[in-house]
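There are structures below to look over.
Next come two complexes built around chain A: one with chain B, the other with chain C.
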Partner chain A sequence: MQTRKATSFSYLEQWRRWAPLAVLIALCILIGLFNPNFLSTGNFIRLLNSAAIPVVLCMGATFIILMGSIDLSVEGIVALTAVIVSLLVANDITTYKLGLFAVPVAMAIGGIMGLVNGVVHVKLKTPSFMTTLGIGFAGLGIATAILGGLTVRIADPTFRYLSLGRILGIPMAVWIALAAFLVALTIQQRTRIGAWIYAIGTDEVTARFAGIPVEKTRILVFALAGLFYGLGGVLAAAQFGQGHALIAQGRLFTTITAVVVGGTALSGGVGSVVNSIIGVFIVVVLANGMVLMGIEPYVQQGVQGLLIIAAVALALDRSRLSVVK
Partner chain B sequence: MSKEWKERLHTYLPIIFLIVLVLLVGAYDPSFFSVGNFLTVTADTMTLFLMASGVTLVIMIGGIDLSIQAVASMASCILAAYLGRFGIWTIPLAVLGGAVAGLAGSLVSTRLRIPSFIATLAVSGVVLSAGYWFSDTRSINIPPDLSASYLSWAVGDTLGIPNEIWVGVVAMVVLSVLLQLTPFGRLIRGIGAQEQAVIASGINVDRIKIAAYVLSGTMAALAGVVMAARLGSGSPTLANEFLLPAIAAIIVGGTAITGGVGSVWRTFVGALIVQVVRIGMTFMGVSVFAQQIVFGVILVAAVAITLDRSKLLVVK
Partner chain C sequence: MNAPSSIPALEVRGVSKSFPGVKALDNVSFTIKRNEVVGLIGENGAGKTSLLKVLNGIYQPDEGELLVDGRPVTLASPRQAFDTGIAMVFQEQTILPSLTVAQNIFLGREEEFLRFGLVSKARMNEAAAAELKKVHLDIHPGTACAKLSFADRQMVEIAKALSLDSRITGNITILLDEPTSVLERKEVELLFAIIDDLKKRASIAFISHRLDEVLAVSDRVYVMRDGKVVKEFDGKDVTEKDMHQHMVGRQLHTEYYREARQTACSEKVLIEARALSKAGAFRNVSFALRAGEVLGIAGVIGSGREDLARCLAGHTKADAGTLEVNGQRARFASVPQATAQGVGLVPAERKVEGLVAQFSVAENMTLAALPKFVAKGLLNFGAETAQAKSWIDRLKIKTPSPHAMTGGLSGGNQQKVVLAKWRIAGVKVLILDHPTRGIDVGAKEDVYELVRDMTSEGLAVILLGDTLEEVIGLSSRILVMRDGEVTASFEAPPGGKPTQIDLVQHMV
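So, the complex of A and B:
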């Protein structure tokens, strides 16, 4: 009895691990059958390009969700860094012309916003969803206030090359996203922080007893996520050639959907950045497929909402939850 | 003695804060002190209060409802789109839409055991799409003659007092009676304070939770209806940017984010505080854009101040 239960459990675990990939492949086959254009090289590059920014954002958000926390400040930080970077390169409002030096500045500001998230959450012991909701709105407010609701146009071709330039026929944004993924993967697999993130997400009390600096790790991870959001803001500004406070609209929803659909559990400890890559592609392929099938774009957020529910319901290990708030 | 005094201070702090704010704004601009102006300010606050009043119950059980702005927008779309066809019945229909959204969020949260913030966030995506569908992705104007015959209960004056205030007062009385005088209210407090104990005493906790979320959706939809009546139009993004002030109103009023402690009149006071802060900032020339920064900071600060840390072992 005991063994049978154990086998069926591990079988289920096995299935859970591969389910996101199976869903992705099934989606590709289905949409490909429906519309052969889906499988063309042009569409493939379009898919990669639209996955670039979500991948960068997910790299930060995955670590936070792996700790069992959540970050709702994605849109606020992306909007703020996108606006700041557009004001620092050649543009039609300010006289700064920092060129590519604006990129580390914007990323640093993202990092600082993340740091504020982490410090407030850890030191004041406010739940992460509340902290990041407040800080995120503050970021959005700062972005709107800087521009007074206007839009700033970027007139720096070198900066826009970050998104639009092509190497080997593939947009620069995709290469940057790939680099961000490799950095995140290295952090996850090869550093102590990576191991500590899993330990905290699995059982924070035990992690603390084991001597892991839980507070420091939490703050660091929120700051790290801010850096990734900052890079996401830079890419968004480079892609659209402008900065305004609404540039990040809908990014939070896509990011959380992708992380969760990829199989990272909201309860923490289970998942990885590789899962999030698969999750991003599920979301992007689905959006692309709906466009090919002529479904109204506003339906997408509804479908993403249903996806979150389905994925969380399938992935959550309910035995660990006694009370759900 | 000192603990009792501290508790009493905690109860009346929001009211003291509100009075100080009113005096400050009044000192800056004496014309602020007039019965007419007070009535206008209160009437302007009512949509915010209606949105926040239902969520108060959800926060008291220790959950959160992030779908209220999408629900209010959807209700405004239903009202504006169908008022010509269904007449007065459109109002219960729109409010019912909100109740269904609340039911959906709570079923997802309780049956599938998903944390409420993610369940309601996911449902808000669906509700937003529904709003776009009802309105055909545009803003719909309500013809003045329809508004006069069906929506006068929300926008006119009765006995010299704006009707929004009457609607708000009725909502406050009904919800306060529910919370203070019925077993339902006691169970809400119980679940927020110590859910395991309520489960152990054989209460069907999920049913109480579902009722709280349904009330939250209902009140958000009612807020959307009043908002649409005031503006004379409905749109799928009508109530955007209302989520943060609504949650801020609840927390600033003194309802604890950890659950168990709170009441609807606190949210009423909190909503007035938010409104007076907003007026004060406008007087001082703070741009509308920058006000969101202030609300974000107020929210985090109020959570940090009101949090009962003895109840938290691990903060996620």
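So, the complex of A and C:
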């Protein structure tokens, strides 16, 4: 009996897939033409360094968005874990000196915050949008309350090495972000949860029919995202050498922008952590380029805002949408 | 451990299942013997798919029992059905485009490929390749399903069900719900060859609207109607004609459909379609609708009649052909344009598309004609309420007041509110898509009465009936559609109506 070949899909979908990478390359060339300094090794390492924390945060957020949910608790969890880790290492307020042992503790607290997100969202059936917004604010509140609005200064050089130390001339934070990416990639590609995240984001009914424990998976993925945010908080504290409630300001917007600009669909099921890496670099390169070109900070913020709208508008297949809310 | 082969592989005893407003299954008994292919036929809504969904653990029966190999079982989920040896190929596909072919085939059952918590893609792809071989699909198991055509996805769906074969030691049963609707001729033949081969090891239930297919593969055929099994044919000595006869069954009640009030249609053409086509939906549809006429359109799911109705009402645009309203060329780009030209659609999904449940009766009634109630930029609530009151009286709508929330009314009364909405909007042509779905008998008669009222006032109705009986009883002319084309046209004057068998022959 004859066999048949798979039919290929449309050019438009092909283009959509590669668009983020094309945008990144075009941006690099454009900025490079304006200012040759952009292409220097020094600037390249600076780019990598400023991408490190966004990459770590995006790894968590990507999984959430792939499930079709959203996580707005990024800043709250990052701030809380940064404050806690600052208080646990040698510092000017408390007497704890846990050193690097403070890192798993801070990550665990991030994980617990994520777990709370997941449990509330799944058990109370509250939309992830409101749940994570609420938990995020709670995190910010706790972080502010712990310090009474003050700043804690870190006096532990080993801990700060996590961000500032260098291996092969590349900052430690970049290596940690790389490790976080590899872990996320493994989860996405090689575990059951990875496939289930896509299945839930594409069609939850089918996922349920296939026997996937949908609720458990959702809770687990929110907890996993919390772990990544906890690591992000640790890196932020190590980078600035201090902890305070406002340390995470602007992180939420950068994270969601990067994930979406990278080509992961807010509707779920489409995208990957690799896309998010490209998304982070688009955001970081654009910011870096605008600094090099001497563009005012407020204008930069405006450009970022337009970028996220452009990305969503480009990625949508409007022919299939009848109702938009 | 296999039970003796005289015990049926699967047996359903006295199963009933109700949904609000409908009895989907009514005391159904049904068996699939070992190594047997059972065909399941019936009109749309006869309960075929509901029955398979009970067998697959998607629906829980209200009454009755299920026996697998003679043992009573409760199937709480499709996963549990799978582990019991029952797999289903769905009419609406369940292949997820974001996953690879192999991931789809083994979705939710990845544990057999786990090593230290990680899925071995190599082993999973290898196992998937073995399943793909059974359906002769020459694609890499690592291909993303988004890249596959619909027909290929259907074959993957079938491969997914067949993966049961090598994973369950006992007897297996495969349920196929319209597996051929997206397949080409060659693939259908391939599927039949697969079914033939599978019979040696499995029992199969097969739903299709194409009776020739059912005849070709089935050892036994069940006919369903209105949620009941009405006939069981043994052996292969059954003809398509026999099947038609039992699919439709009932005789017409002329009284019920108010045939005496059927109006002779005038010469005035309200709407005329010439060679209307839309890719993937319908082709070359022509008709003229005259004032006072009820034009019934008969066809099974996929016949294109729903698409045609939506196109006529401005929900979608046709690719080719022309439409004339009152002798003027018309091209509807939107619903308001169609409304302005006097064409309205009463959709089948009343709660989703026809009404805003949280709005009051008066608000719903005036929704399509709001500009008529606006004075100096503000809504004139007095006029709105007065208009609503007059229609509530005229259509005998049972509502506590014009300001009661529409969602609280019964299905029949809700449908009347939808009809009033289009009457207030002043439409001349009303397209009714399953106007009596899910409403009780009394309310149905009210709707029929309203249809007669409209035609006697010189309006015209296009009817996509809930049952063939309804189409025949109400229509003055009937078009039959199959696979997007008009296959037959019948005049249906009172006393000279075509029979259901006449229509069914051209439908399937």
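Basically, the second predicted complex is superposed on the first by the 310 of 325 C-alpha atoms of A that agree within 3 Å, B and C clash if a C-alpha of one lies under 4 Å from a C-alpha of the other, contacts with A are read in each partner's own complex, and residues count from 1 in each chain.
The rule is simple: a residue touches a chain if its C-beta (ideal position, glycine included) is under 8 Å from a C-beta of that chain, and two chains touch if they have at least 3 such contacts.
Quick caveat: nothing in here was measured; it's all calculated off a predicted structure.
In the superposed model, A:I212 lies in contact with chain C only, and not with chain B. When the two complexes are overlaid on their common chain A, residue A:W175 makes contact with neither chain B nor chain C.
After overlaying the two complexes on the shared chain, residue contacts for A:R192 are found with chain C alone; chain B is out of touch. Looking at the superposed arrangement, the partner reaching more residues of chain A, out of chain B and chain C, is B. Once the two complexes are laid over each other on the shared chain, residue contacts for A:G148 go to chain B alone; chain C is not touched. Using the contact criterion defined above for the overlaid structures, shared-chain residue A:Y96 touches neither chain B nor chain C, since it reaches no partner.
In the superposition on chain A, A:F240 makes contact with neither chain B nor chain C.
If you check the complex, the residues on chain A that touch chain C are 1-9, 13, 186, 189-192, 194-196, 198-199, 201-203, 206-212, 269-270.
Against chain A, the residues of chain C that register as touching in their complex are 58, 77-80, 82, 94, 96-99, 103, 107-111, 114, 117-119, 121, 136-139, 143, 146-149, 152, 186-187, 190, 193.
Contact residues on chain A toward chain B in their complex (touch as defined above): 67-70, 120-122, 124-131, 133-142, 144-145, 148-149, 204-205, 245, 253, 256, 260, 266, 268, 296, 298-306, 308-309, 312-313, 316, 318, 321-325. Within the complex, the chain B residues that touch chain A are 61-64, 108-110, 112-119, 121-126, 128-130, 132-133, 137, 195-196, 236, 244, 247, 257, 259, 287, 289-297, 299-300, 303-304, 307, 309, 312-316.
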